[in-house]
Amino acid sequence: MFAERLTRNEVAARVAQDIPDGAYVNLGIGLPTLVSNFLPADREVILHTENGMLGMGPEARPDQLDPDLINAGKIPVTATLGASYFHHGDSFAMMRGGHLDVCVLGALQVSQFGDLANWSTGEPGAIPAVGGAMDLAIGAKNVYVMMDLSTKQGQSKLVDECSYPLTGMRCVSRIYTDVAVFGLSAAGATVTQLFGDATVDALRDLTGLALIDGTSA
Amino acid sequence: MISKVVRSISEALSDIGDGSKIMIGGFGLAGQPGELIDGLIEQGASHLTVINNNAGNGTTGLAALLRNGQVDKIVCSFPRQADSQVFDELYRAGKIELELVPQGNLAERIRAGGAGIGAFYTPTGFGTKLAEGKETRTINGREYVLEYPMVADFALISAFKADRLGNLLYRKTARNFGPIMASAATTTIVQVDDVVALGALDPESVVTPGIFVDRVVAVGSRFDREEWAGVR
Amino acid sequence: MFAERLTRNEVAARVAQDIPDGAYVNLGIGLPTLVSNFLPADREVILHTENGMLGMGPEARPDQLDPDLINAGKIPVTATLGASYFHHGDSFAMMRGGHLDVCVLGALQVSQFGDLANWSTGEPGAIPAVGGAMDLAIGAKNVYVMMDLSTKQGQSKLVDECSYPLTGMRCVSRIYTDVAVFGLSAAGATVTQLFGDATVDALRDLTGLALIDGTSA
Amino acid sequence: MISKVVRSISEALSDIGDGSKIMIGGFGLAGQPGELIDGLIEQGASHLTVINNNAGNGTTGLAALLRNGQVDKIVCSFPRQADSQVFDELYRAGKIELELVPQGNLAERIRAGGAGIGAFYTPTGFGTKLAEGKETRTINGREYVLEYPMVADFALISAFKADRLGNLLYRKTARNFGPIMASAATTTIVQVDDVVALGALDPESVVTPGIFVDRVVAVGSRFDREEWAGVR
C-alpha cells in the first residue's frame, strides 16, 4: 500500500528517540530489542530483563558468553556497571508495581483503544505460551508497541477490536510502525507522525478506523 | 550439629514418591538443576506434576525427564520454544497435561505459597483467556483477578554456594526461581558447586536463608565443565 | 495455692528441653528469651528475630554493642556464624509461611482450646501495641506459651474462654507454667507434667476446667 | 548521566508538602533516618501521615517530629514502649490519630503496595479486634482477613552505602523496613553513610535496586559518631 516504509532498524531508532535519559526500560524479546542499538550516547538508560536483572548490557560476544547471564529471550548478554540481580518474585513485583518507565513490545494486533494481542494466534492445536507478556503489558508506566502496520497479507494490525486472544486490556499508549506513529487512548487512535508517502487518509482506508489527525500538533 | 549436606544425588532424592508435586528451578537452562534432574530420571518416580517456567529445552535435563514419561502434568508460563520438541510431541499426543500461567502470576503464586498468603488479587491476565472462570474484583478503579498460592512436595533447585546450614548464594540470572521455590516446598533439595565453611558467606549477601533448605549436595564447579570454558 | 513452684529460669530450662536439635525458633520478647540460656550444648538451634535475622546469638556484652544489631525487643544482640539478614517483608513471610519450628511466647491468658491473649488488657484509655505478636501466634509450626499459671491475684491464666482481646485463635499447642505443663487441642487442656506439690485435682480447682490427666502417658 | 545524589538534606526534602503521606524506615532506632527526620522538622511540612513500625523513642528523631506537631496520624504496629512518652502524651490528649496494624500485615501491605498487588488474604489477626469490620474468607479450611496495599508519597529511609544509580546496601538488622518502603513510595529519599563509585557494589549483593530510589544524600560514616565508638 505504501511504497516508502521505514526499515525495522529505522523504526527502532524512532522508538529510541522517545526513551528519555534515566529511564528504566524493558524491551521484551525479539524485534523491540533492536531499540537498544539506537539509544543516543548522551542518554543513560537502564535495561530490565524480567528473568532477574537491572543494568543489562549488550548481547555477549563469543568471548563473553556466560550461561548464567541471559536475557528474557534466553540470549547471552552482558552486565553494565551498577547492575543488580534479583529473583523472579522480586522481578515481577517490580514490573507489576509500575516501576518501569517504558516497555516496548511486539504485537499481533492492537486495538485503537490500546488492547494488546501478542501471545497467541488462538489457532486450534497450537501450543500456547505466554511467558511474561501479560505482566509487561499491564506493568510499565508506558507500554509502546513496535510493529509493521500491516500483515504480510496486507491487513491492518491496528484494529477496532482484537480478534486474537488478548494479552492485556487498554494497556498500549503508543504504536511505532513502518508507516506512522499512533497515540492510543479511550478516545481512539491518533496519528502523531507520518513516514514516507503515508497520509492520514490512506491510513484511514487501510485500518478502517476514524483516525484522529494529530500530525500538526 | 546441623548439616544439611548429603553425600550423593541419589540420597538427596530417595524419598520422592510417585505422584509428587515438584518445583524445578531454572529459566531455560540458566539455574536448571541438571544433576538433580538426571538423578530423578534414574530414581524413576512417576506421575509427577512439575512446576517450572518452561517445559524443557533440547533433549537433556527437564526435556529428558519428560521424554522418560515421568511427568503427568506441567505448570509453566512458556512451554513452546524453538527447542521444546520433546514437550511439543507429548502435548500433541495428549500424553501430558499443561496448566499455563502468566510468568509473574506463577512467581507470585509460588511466593504466596512460601509466605502463607491465602490468595491475592493481581492485575495480570485480567480480561484474557488465562483468567477465564477466575474470580475478579475492582479495587480503586482497577480490575484484578484472584489467584491462589502454589506449593509443592519438593523443590529441586540449583545454587552457586552453600554452607552446612543451607544458606545459599546464586550466580547472576541463574538465581531466577530458586529463592521463591525454596520457600514454597515441603522439602527443598539444592545442588551447589561447593559447600563452603560456616562463616564464609557474608550474612548481608545470603539470598536464601537456610531455613528454606533441607538438603544440599555438591556437584563440583560449573567452571570445570566444557560449556563454561572461558567464563571467569 | 501451690507451695513449690518452679522459678522462671526453671520453667525456661524445661521449655529448652523440648526444643529439638536443628530447630528454627523464635523466642518472642521478654520472659521467653530466657529459654536461650538453657539450650543444651549438644543441640544446635537457630534463633530467628522478626526484625530481620536468622542466627541470632546471645545478648551483646558492652564491648560488643552495635546499634544496627538488635532483637525484636530492641536489645543489642550478637550474630552467630551462618547468620543471615533480611527485610521485614521477607521476615514476616518466613513466619506467616510456617517455616519456624517453634515459637515461645508470654501470655496474659490462654484458653483451653489454644486461643491466645497476650497483646492488650483491653483497658479503656490504654495505648494499644501489638507488634509481631499476632504474626508469631499464627505462624510457627508449634506455638508454646511460657507463663505463671496464676496472676498475682491468684486467678488462673489458663481459662475456658479469654476475657482479654485475642492475639490469635486456636494457635497455642502447649503451655509451660511454674506448676505444670499443659497440652492444648480441640478436646481441651491435658496436664502432661506436674511440678512440686501440684496435683491434677488441685489444677482443676484452680482453673475450673475439666482437665484431662495425661501425666501417666 | 544519571545521578540520584543530591547535595543536601534540605534539597532532598524540598518538595514534601503539607498533608503528605510519608513512610519512615527503622525499627526503633535501628535504621531510623535521623538526619532526614531532623531535616523534615526544619523543613516544617505539617498535617503529615507517618507510617513507621513505632511511634518514636525518647525525644529525638521520630519522637521530635511528633512533638513538633507535624504529624496528624501515625500508622504503626508498636506505639507504646518504655520511651514513647512523646507519642503517649499526644495520643492521650487526642492530638494524634493512630492506626494499629499487626507488624507482619504492615510489612506485607507495604510490600503489596510496591508490588502492584490489589489486596491479599492474610491469616494474621483473624478473629481479633484488629480485624473487626474487615472482610474474611475461608480458603482450604483456614481463615483469612482481606488486607489492602499501602503506598506513600514519600519514603525516608536510611541505608549504609549507595552508588549514583541509587543501588543500596544496608547493615545488619537496620535493613528492616527500608527495601519494602523504597518500593512503595512515589518518591524515595535515602540517607547513606557514603556514596561509592559505580561498580563498587557487588551486583549479587545489592539489596535495593536503584529503580526504587529517587534521591540519595550522604551523611557521613556512622562509625564516626559518638554512640558508635568501638563498633568495628
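The first chain written gets the first letter, and so on, giving A, B, C and D; residue counts start at 1 in each chain.
Assume a contact is a pair of C-beta atoms (placed from the backbone, for glycine too) under 8 Å apart; a residue touches a chain by one contact, two chains touch by 3 or more.
Keep in mind that this is a model prediction, so the values were computed, not measured.
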{"item": "Chain whose Cα centroid lies at the greatest distance from that of chain C", "value": "A"}
{"item": "Separation of chain A from chain D, taking each centre as the mean of its C-alpha atoms, in whole Å", "value": "35"}
{"item": "Whole-Å separation of chain centres (CA-atom averages), chain C against chain D", "value": "29"}
{"item": "Centre-to-centre distance between chain C and chain A (centres being mean Cα positions), rounded to whole Å", "value": "55"}
{"item": "Per-residue overlap in chain C, given as positions that touch at least 2 other chains", "value": "79, 85-86, 93, 95-96, 139"}
{"item": "Multi-chain contact sites of chain B, meaning residues that touch two or more partners", "value": "108, 111, 115-117, 122-123, 170-172, 203-204, 207"}
{"item": "Overall pattern in which the protein chains touch one another (line/ring/star/complete/other)", "value": "other"}
{"item": "Contact pairs between chains, per stated definition", "value": "A-B, A-D, B-C, B-D, C-D"}
{"item": "Interface residues, chain B side, partner chain D - complex", "value": "108, 112, 115-123, 137, 139-140, 142, 144, 148, 169-172, 202-205, 207"}
{"item": "For the chain B and chain C complex, residues of the former touching the latter", "value": "1-2, 111, 113-117, 163-165, 167, 183, 198-199, 201, 203-204, 206, 209-212"}
{"item": "Chain D-touching residues of chain A, taken from the complex the two chains share", "value": "21-22, 24, 44, 46, 48, 54-55, 79, 81-86, 93-100, 139"}
{"item": "Residues on chain A engaged by chain B in the complex (per definition of touch)", "value": "49-53, 63, 65-71, 74, 79, 85-89, 91-93, 95-96, 120, 125, 127-135, 138-139, 165-169"}
{"item": "Residues of chain D that touch chain C when the two form their complex", "value": "27-31, 53, 77-81, 84, 87-88, 91-92, 98, 100-108, 110-111, 122-130, 143, 170-180, 207, 222, 227-228, 230-231"}
